[in-house]
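In this document, chain identifiers A, B, C and D correspond to the written order of the chains, with residue numbering beginning at 1 in each.
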Amino acid sequence: MSEEEYETSTTMRIIEFEKPELRAPVLVQGLPGVGFVGKIAIDYFIEELKPLKIAEAYSTYLTLPDGDMGVKVEANGTYTLPKYEFYAYHENTPQIIFLTGDIQPSPWGQYRVAEDVLDFVAGFGCRTVIALGGYSTPQNVEAVYAISNDLSLIDDFKGRVKIARGGVVKGAFGVLLGLGQKRGMNCLGLLGATRGIYPDPRSSRNVVHVLADMLNLSVNLTGLDQNIADVESKMKRLRRIQRGVPMPQEGSREGEPPGAYII
Amino acid sequence: MSEEEYETSTTMRIIEFEKPELRAPVLVQGLPGVGFVGKIAIDYFIEELKPLKIAEAYSTYLTLPDGDMGVKVEANGTYTLPKYEFYAYHENTPQIIFLTGDIQPSPWGQYRVAEDVLDFVAGFGCRTVIALGGYSTPQNVEAVYAISNDLSLIDDFKGRVKIARGGVVKGAFGVLLGLGQKRGMNCLGLLGATRGIYPDPRSSRNVVHVLADMLNLSVNLTGLDQNIADVESKMKRLRRIQRGVPMPQEGSREGEPPGAYII
Amino acid sequence: MSEEEYETSTTMRIIEFEKPELRAPVLVQGLPGVGFVGKIAIDYFIEELKPLKIAEAYSTYLTLPDGDMGVKVEANGTYTLPKYEFYAYHENTPQIIFLTGDIQPSPWGQYRVAEDVLDFVAGFGCRTVIALGGYSTPQNVEAVYAISNDLSLIDDFKGRVKIARGGVVKGAFGVLLGLGQKRGMNCLGLLGATRGIYPDPRSSRNVVHVLADMLNLSVNLTGLDQNIADVESKMKRLRRIQRGVPMPQEGSREGEPPGAYII
Amino acid sequence: MSEEEYETSTTMRIIEFEKPELRAPVLVQGLPGVGFVGKIAIDYFIEELKPLKIAEAYSTYLTLPDGDMGVKVEANGTYTLPKYEFYAYHENTPQIIFLTGDIQPSPWGQYRVAEDVLDFVAGFGCRTVIALGGYSTPQNVEAVYAISNDLSLIDDFKGRVKIARGGVVKGAFGVLLGLGQKRGMNCLGLLGATRGIYPDPRSSRNVVHVLADMLNLSVNLTGLDQNIADVESKMKRLRRIQRGVPMPQEGSREGEPPGAYII
């Protein structure tokens, strides 16, 4: 059994496309979770800032939400394994590595995957980790909450960011910050308050807004509002599908399967 | 702990019976899944073409459907662990390795098992992987859908194969294509549309028909139709059993257990 | 991490008390399962033949029935981890190693544990493996069924042992025979037919009777019948407990907990 | 993959703050379990005796109660991964290492975690292990039960400690004693009888009282009674929260999230 194969079974397989030189980049992670707040936010940054895609990562621990394995089929008939994607944005101070992904690691793989991520970004000199996520609450849904091992990171944002004062944050958000802290890194988590389990682009906008100011990122808020409108339109469309209302599908030919789950 | 023992616990134990020289064979995998479409199709190819059995493989990850381990008892009182079987068919261009099996790997073993399969066939120079499976849909059950990282593979079959345009394909079908793609292999998945969870030999026939033409395989469709009739007769018999109708069992002596599950 | 520690986490820790010289001993395994048939049978052999205890084995894969870990408390306040026990009986031809245990391995540990058992007995020159178990059936509960990769083993017992003709045998019974077969050992499984999930000493007696004759073991059937009567009396007592009828406990002092599960 | 990384995935990462010289210290473990008896008792010893914190330990096997991973958020917005904490108390004969923690290991990590704990304390010359826990019973809730591989340890406490006479003790309590016994250590488990699943400080007090006398620990029972009153007051408060009665939170500013679970 070669070293490469062994890595396949227990660590991420990272495929690097570019190896830019970076100066102490900040890792910003956004993955699917409560209200998809972190995932929508990170995808917006990537869409808006067009950072350089530097790597993809695969792992036996990146399972589908039901714990099973498989591939996602794209609209053109190609497909991909669940993966993490790393993007470098160096036209900024500080420089940033964005990490986005389709899914969360399985519970028993959370530590291994987070360590692999931290190893990878440590190779670029990363010393600061920021996780974006959502916080489920029935009230005050405009708020952004923070947890951190270095609350000075949000000193200038006290009017806009509230400090979380208890509870448990589960999943890759918490594990990344927890293991980053163990390595002595500066760690910050930003949690957009959200009402429910549905994708909440408004909560993501609040997170994006705070983080953009925090990291000196120039993002076009008009684009962001359009993005929100798009997502809300998609949500409406999803609800129609859930109610069983048929609708035409772009590019579909008669007799083709809708873009639904192939089990 | 010897190397051999270690392999038993985390990788497949592959027992090779023959080591034929092959020229860039195509791997064709069919395992139990939706409608047993892929499994019935592969078994038909093996029955019809009589390829050379070259290897069997065992793994702690090849679990029974309920996640437990055990052996299957044959009609003569012998028994076998869950296994994969590899067959080589070299009287054809391209040459083919057929992979069939009793069961799917457990979710946490899918990557390890697929890597082991790809390692094994890579040893024969295999660069192309085809997975056969089923696609559950309430309509258009005569269709065959394709996913691929190289859709030119189905250029000549556009009238007979539809491109899948979304969704997720779970299990060994998806993982084999996903990890094959990561190795830079040409990968194609053929999914026979099927209505339900029962074995669907008609859907398998559609897949067999397409694949036979694609790979220049000369298969006797008469045999195939007879095979379908047999399976449908077995299904009828199964439904009788499910309804509790007693029936005589071949070769059974009085007082013997029916061929049912020994728990 | 030392070698010893590593072994603790993935392989059995075997503690050897005696290292007798044996000539091609037969391994006979009985563990809790359907009707406790195999477990009662093996315990009877051990009680009756008083073989030499040669080893105990512990493993992270020997879990309690609910998948949790813990210790069993004895009537004198001491306790033990779940364990396997090996006994050697050399005053016989063939010589025998009896393997008994409190529990079954967890599903994901079945292969590892069975390989460890086979490695251990291979060190004594063992080439034949016999597993004892139960077979759940509503009828013909006096029968003993066999599965084997070498049915000549039961040639002389055709009138008393029926060949199983289908189904699946789960758990350590099946896995031991399956992996033993892969090593080229002679393997035989004896399944006592039993009606239910309750301990069935009558079914065990049938298995004991067949195996004793098969291996030239001189066992006192009077003792066996007494043993059955005892177990049946215990069963009656258990049913009283299940119905909530209080009863005095030997050696108990007022205010002490009954011998029930401490959760 | 470096050694350090490998350790992260399968063994505890132990961070040592102090390395005191100890003479044959006794390990005393208390973790969340039945009635939180062991956890409350150990926390009381730590609060009262103010031992030296010598180490923290992290592990992929220290999962949240639902099997998921994450971090606990403190009232000041910082956070911590689930962890074990070791405290040394050397102003006593015998010297003691207290082990407390937020949670139990996952079932599949129990052996690995207990071995890691035993390795760590063995480095200080520890030869005696005591586990504190609860025992669920509807009656006689003032009793303290013991299990031990060396019942002479409780010879002088026969009037105050009853010997457990059967059953199973699950979780880290049982596994620590079981694996400690395998290493030839002197092992004792003290189980405070308790009625229910709610935190039971009265049962903890009984355990504390016995153990303090056993180990010559001078603990202030007044403080203990106050502690019980506090916990009972917190319980009342918890029940108010469970009934949905709102209450002011210390240090909270308007619009802030209550100290509830962030999922």
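Simple rule for what comes next: a contact is a pair of C-beta atoms (placed from the backbone, for glycine too) under 8 Å apart; a residue touches a chain by one contact, two chains touch by 3 or more.
Bear in mind that the values here come from a model prediction, so they are computed numbers and not experimental data.
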item: Steps in the shortest chain-to-chain touch route ending at subunit C and beginning at subunit A; value: 2
item: Contact-graph distance - origin subunit A, target subunit D; value: 1
item: Chain whose average C-alpha position is farthest from subunit D's own; value: B
item: Equivalent interface positions on subunit A and subunit B, same or different at half; value: different
item: Superposition rotation for subunit B onto subunit C, Cα-based, multiple of 5°; value: 90
item: Rounded Å distance, subunit C centre to subunit D centre (Cα mean); value: 36
item: Centre-of-Cα separation between subunit D and subunit B, whole angstrom; value: 51
item: Interface hub residues of subunit A, defined as touching at least two other chains; value: none
item: Pairwise chain contacts, counting only pairs that touch as defined; value: A-B, A-D, B-C, C-D
item: Subunit C contact footprint on subunit B (complex, rising order); value: 1, 5, 8-9, 13, 15, 58, 60, 63-64, 67-81, 106, 249, 251-253, 255-263
item: Subunit B residues within the subunit A interface of the complex; value: 7, 10-11, 34, 107-108, 110-112, 115, 119, 135-137, 139-140, 143, 145-149, 151, 162-171, 173-175, 177-179, 181-182, 189, 191, 193
